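So, here come the structures, one by one.
Each of the two complexes below includes chain A, the first together with chain B, the second together with chain C.
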Partner chain A sequence: MYRLFAIPTLIINVSIILLPALLTVVLAFYRWDGISNPTFIGFENFEKLWGDRIFWKALKNNVIWTALFLTFPIAIGLIAASLLMLVRRGRTFFQVVYFLPMIIATVITARIWQGMIYNPQSGIVAMLNRYGYDVRDPLSQTSTALYGVAVADLWHWWGFMAVIFFAAMRQVSQEQIESARIEGANYFQLMRWVMIPAIMPTIALMMVMTVIWSFLVFDFIFIMTQGGPAFTSEVLSTMAYRKAFYELGVGYAAATALVISLFGLTAAFFYIRLQNREDAE
Partner chain B sequence: MGHRLKIISGALVAFVSAQAVVAQDAVTWWYEAANPEQQAALTEFMIDKFNAKNPGDKLTIDYRGSELDKQLRVALLSGTGPDVVNTPGPSFVATMARAGQLMALDDIADEKGWNDRILPFFMDLGRFDGQLYALPKTYETLGLFYNKAVFKENGWTPPTTIPELNALADEMMAKGIVPFGSGNSGWRPANEWQVSIALNSIAGPDNVQKALTGQIPWTSQPFVEAINELDSWWDKGYFGPDYFSLNGEQVMANLAEGTAAMSPTGSWNFGLVPEYFNGRQDEVGFVGFPSGEGVPYPIFSLGIGSTFSISAAAQNPEGAAEVIDQVFSEEFYTDINNVWQGEWNMPLRDLSGVSLNEDVIPLYTESMAALASAVNENQYGYTTWTFMPPATNSYVVSGIEEVWLDILSTEDFLAEMDKIFQQELAEGKVADIPAR
Partner chain C sequence: MNLVESRVTIIITYALLGIAAFIALFPIVLMLLNSLKTTPEIALSPLGMPEVAHWNNYANAWKGANFTRTFFNSAVLMFMTIALVLTTGSLTAYVLARKKIKSWKIVTVYLLATTTAPIQLFLFPLYFGFAKLGLINNIFAVSFVYCAIFSPFSIMLLRTYFLAVPKELEEAALVDGATPWQVFSKVYLPLVWPGILTVSLIVGLYTWNEFLIATTFLQGPESRTAVVSYFLLSGQYSRDWGDLMAGAMLVSTPIVVLFIFLQRRFIEGITGGSIKG
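For the complex of A and B:
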């Protein structure tokens, strides 16, 4: 009887997640412009993808993006969360401040960075130039465009990590922390031997989610550079979007989307294995 | 009892009046982005006038933003969407018409006299497989805006040939003035304006027409020379140091300030002139882009901002036809162009009944007249976004950046472009190109 409770969510999941997902898998084997009738072409889309230099460029950018987000926001988040554990006064205030960028609409954050910080005529870059510092808009340079977007995304993201890690750290038993302190553990020792091991499941989950989110990244890149200049900030999702909606290559875009899912699935697989191992322990 | 009767009769009256409202047939039209002033203009000149003239219909315009075409495609595919369909251009119409999503308009065009009212060249662009599916909403062109005050101060005159242009641009560079005020930060496809200019003004519209109809490949020598020239402008710094950072408004501000002397861009920018050349609108000039050797001057590349069609699944096709008919009237042309220039340049044959008010800059009216005469004399070219199929045009936008940034050679860029184009040509995705 209790299984009936699963039906409402199951219906939603099947209709708005499973069906489109299955359709995407099927479409990856078709040539389709999104308007006329699809034609079955077997593995042709995947063969084309293999030989597409922009695909490899986009994949490499996704890997760089993942590496950036697996390190910086997690490290900053851990430090900020541990500092929140130390301060008692103003803790709520700092949590709100850390979390604030997360609740600002992405398009606003992206436009602020693009127009009011990086822009060489209306941004802080322009001001620095006026004071004689030779600073360029990172979004306009092939070597820095991806990192320029990543900085804006990192700025809005690390606070979220901090709040999540802080919530996890608050669950760590006070006795454990107190006894470590009595034993004479300093900040780094406390972090290394008590806090981080205690919140490891949360860190692992955030890392897995980071891999999935990094391969899905779209909004900041699409708003700030649209993958340019010259594809140097292109990632798989912007490539799929371009193929589907600008070039009317929906089948090819579906094949690209499948590759994105493949990385997400791998990350999810590792997470489930990790969880199972923990459950077994 | 009397109280209850009042309530019942009140409810009945409300029900009957609601039925009267429902009895009006809705006509739906999805429009792209428009600012509040522009929306107010459309309400006043289109919705209110339409509803007054057609008491049985009720027009609603839904502003869908810059992603309108994607929303339309999904909606039409599922058999829904608006009655009046605004597509981004003829190449999209071709695919949609062939998929049976649009209504053939030949009978309506005969009945409403559209063939007599609209320039035949533009009517032809809406015909596929012998049937009319779309009318062009607005036609636009590319040219060279320039700051007359800066030109006068330096004793310069607008160039008409490529060598003259190069000499002038070098002189500007030496004085620290950016020759080509331009940027693609707000609109990445701004790159296609530069490619369209190079292909038409240097390789020439005859060659472009031959390539678009599959008679010659895009790898032909005239196109190699055109793209090489465009690449050399980039390498010499004509586009300035901030091309990838500036948006259209900043470009116009730079032109008005004189930090940039010229701007190769489109006629839609007339809409920005009053704001940036405020009170000194006589300081802005607009001429055809200089031509290469053997190409007549000026060549005005034609573009169609968007097109009007009626959805095959329209709930109210007659109402939609009335809306389109109203758009192509002298009255609407006058009303809307008085307050919103550059976006509603419908290709009407006869503009003699149109008189724009004094607030509209004379340059706009003059430039549109020059454009019309260039079309008459066959000195028109083809913008990539109107005449190239979607994947080829998308490649042009990104690929040219790779040429500029020395990631690709001109030959490799054109070879890739030709490969994509030939495939789309074979798939029937290229709009029918009228003979010259």
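For the complex of A and C:
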């Protein structure tokens, strides 16, 4: 009887996610334009990926993205959270403000950054140019496009980390903190030897999730640069999307999706282990 | 207990927290300010105050992105997704929390795994399958896709609320002859409503803001969501940034107002399950 309760969830989830995912695995070995009959071509899609310059560029960008998001938001989040621990008044206010960018739609955030900050006619960049500073729209330069997008993404992301780390720090036992204070630990020593070790499980989980999310990143790049200019901000997910819907290479896109999933899966393995370990306790 | 004694430290701390708050608010203030300015005014300086509030921008954006239609679409999609996630998810969360059945471990791991799956892993066959079945531009069909994507974390969140209900209540109801369905609907549901509310808010927020699925499956002018419609409006070559910022205000204001009033639930819902220790 009770098993029946889980049936609707499973039917929806299996038919929307699991079955199409299995079909993607099959499609990766076919050539298909989405309309005519698919042709089986074995490993040809993967061989083509191996020799595809854009694929390597996209993969490299995903790795750069992962590195950026494993360091900056986590470091800023930890600093902001530890500062919040020091104050009594205004904790809720600061948390709400830091969290606010997180709830605004990506399309909106992207357009604000494009139009009001980076834009050389209407943005802060234009204003700085008038004052004689030589700054350019980072999105239009091949060397900086990826970082321009990353800054906008980072802006909406770090507050989330700060709020999570702050919640974790508040659960650290008062006795531990007090005894460290009595022994004369200063702020930095307190963070280094008490707080950070105490919230290490949360930091570890966030790092694993960061790796997963960094290989899934799509919205910001698709909206702000479409992977351009000249594919310099392309990542695997925008590449797969372009192949499938603009270049009618669904099989090739499926093969790319499998590569993304491989990275995701490795991280997911650690994620599930961390989650289950907590459940067992 | 106070972590700091010195007044100077407190002042520096507040100064740093203030700088961080400034960074978080700066682009949002730019959106607000420039939503009331004309294009020449914006070109003059994005930081200047509007000489006169140009409310016309809002009317232009409303018309340009066809918000009468697309806001309605977004709202319908949002409520259908919330209803689907809550009905299917609360049932599953209940049995995962309370019933010891061997295969639950597999179900849990499967659900956790799907939260980490890239959308591209199932997007392409799903799209061509939907196209074959004539489900493109069908808001109802898309709410099932959202339900599949948002269910796993909703279930994990709801499960913690079901776990918090004392077991004795259920046992007493069963002794009195209640059916499993009655136990679920009469005993549990009234007690887990804070969890239901939190999940509704988060699923509503994610559905309203979602881009990738919406832009792929809902392309027709009559079925677009507000976010996709705004995306298309702002992607055109002629860029009147005053209108575009007004449109941005229109799409985000409902969400921001709701967030400020119910921030505790939002934050709890989005960060839920992330704190380990």
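Note that the second predicted complex is superposed on the first by the 259 of 281 C-alpha atoms of A that agree within 3 Å, B and C clash if a C-alpha of one lies under 4 Å from a C-alpha of the other, contacts with A are read in each partner's own complex, and residues count from 1 in each chain.
Criterion: a contact is a pair of C-beta atoms (placed from the backbone, for glycine too) under 8 Å apart; a residue touches a chain by one contact, two chains touch by 3 or more.
Since the model is a prediction, treat every value here as computed from it, not as a measurement.
Chemist: Identify whether chain B and chain C fit side by side or clash on chain A in the overlaid structures.
Modeler: Once chain A is superposed (C-alpha atoms), there is a clash between chain B and chain C.
Chemist: Contacts for A:S233 in the overlay, against chain B (first) and chain C (second): which applies, first, second, both or neither?
Modeler: In the superposition, A:S233 contacts neither chain B nor chain C.
Chemist: Under the stated touch criterion, name the partner, chain B or chain C, that contacts more residues in chain A.
Modeler: C
Chemist: Thinking of the overlay built on chain A, is A:D33 touched by chain B (first), by chain C (second), by both, or by neither?
Modeler: The first partner, chain B, only.
Chemist: Touch check for A:S122: first (chain B), second (chain C), both, or neither?
Modeler: both
Chemist: For A:N45, is the partner it touches chain B (first), chain C (second), both, or none of the two (neither)?
Modeler: neither
Chemist: Of the partners chain B and chain C, which touch A:D137 in the superposed model: first, second, both, neither?
Modeler: A:D137 sits against chain B, while chain C stays out of touch.
Chemist: Looking at the overlay, does A:G249 come into contact with chain B only (first), chain C only (second), both, or neither?
Modeler: First partner only, chain B.
Chemist: Taking the superposition on A as described, I'd like to know which of chain B and chain C A:V107 touches: first, second, both or neither.
Modeler: second
Chemist: Would you check which partner chain A:T66 touches, where first means chain B only, second means chain C only, and both and neither mean what they say?
Modeler: A:T66 sits against neither chain B nor chain C.
Chemist: Is A:S214 contacted by the first partner chain B, the second partner chain C, both or neither?
Modeler: neither
Chemist: With chain B in view, single out which of the stretches 127-135, 163-171, 181-189 or 253-261 of chain C clashes with it after superposition.
Modeler: 127-135
Chemist: Under the contact definition given at the top, report the residues of chain A touching chain B in one complex and chain C in the other.
Modeler: Shared contact residues on chain A (touching chain B in one complex, chain C in the other): 34, 119, 121-122, 245.
Chemist: Could you pull out which chain A residues touch chain B in their complex?
Modeler: Those residues of chain A that touch chain B are 33-37, 114, 118-122, 137, 139-140, 142, 226-231, 242, 245-249.
Chemist: Over in the complex, which chain B residues touch chain A? Could you list them?
Modeler: 69-70, 73-74, 76-77, 95-96, 98-99, 101, 184-185, 188, 241-246, 250, 253-254, 390-391, 394-395, 398, 401-402, 404-405, 407, 429
Chemist: Under the definition above, what is the set of chain C residues touching chain A in their complex?
Modeler: So the residues of chain C in touch with chain A come to 1-4, 9-10, 13-14, 16-17, 20-21, 23-25, 27-28, 30-31, 34, 39, 42-43, 45-47, 84, 87-89, 91-92, 94-96, 99, 101, 107, 109-114, 116-129, 144-145, 147-149, 151-152, 155, 180, 184, 205, 208-209, 211-212, 216, 227-228, 230-231, 234, 239, 241, 244-245, 248, 251-252, 255-256, 259-260, 263, 266-267, 270-271, 273-277.
Chemist: Okay, in this complex, where on chain A does chain C touch?
Modeler: Contact set of chain A toward chain C: 1-3, 5-6, 8-10, 12-13, 15-21, 23-24, 27, 34, 76, 80, 83-88, 90, 92, 94-109, 111-113, 115-117, 119, 121-124, 126-127, 155, 159-160, 162-164, 167-168, 171, 174, 177-178, 181, 187, 190, 198-199, 201-202, 204-206, 209, 212, 215-216, 218-219, 222-223, 237, 240-241, 244-245, 250, 253-254, 256-258, 260-261, 264-265, 267-268, 271-272, 274-276, 278.
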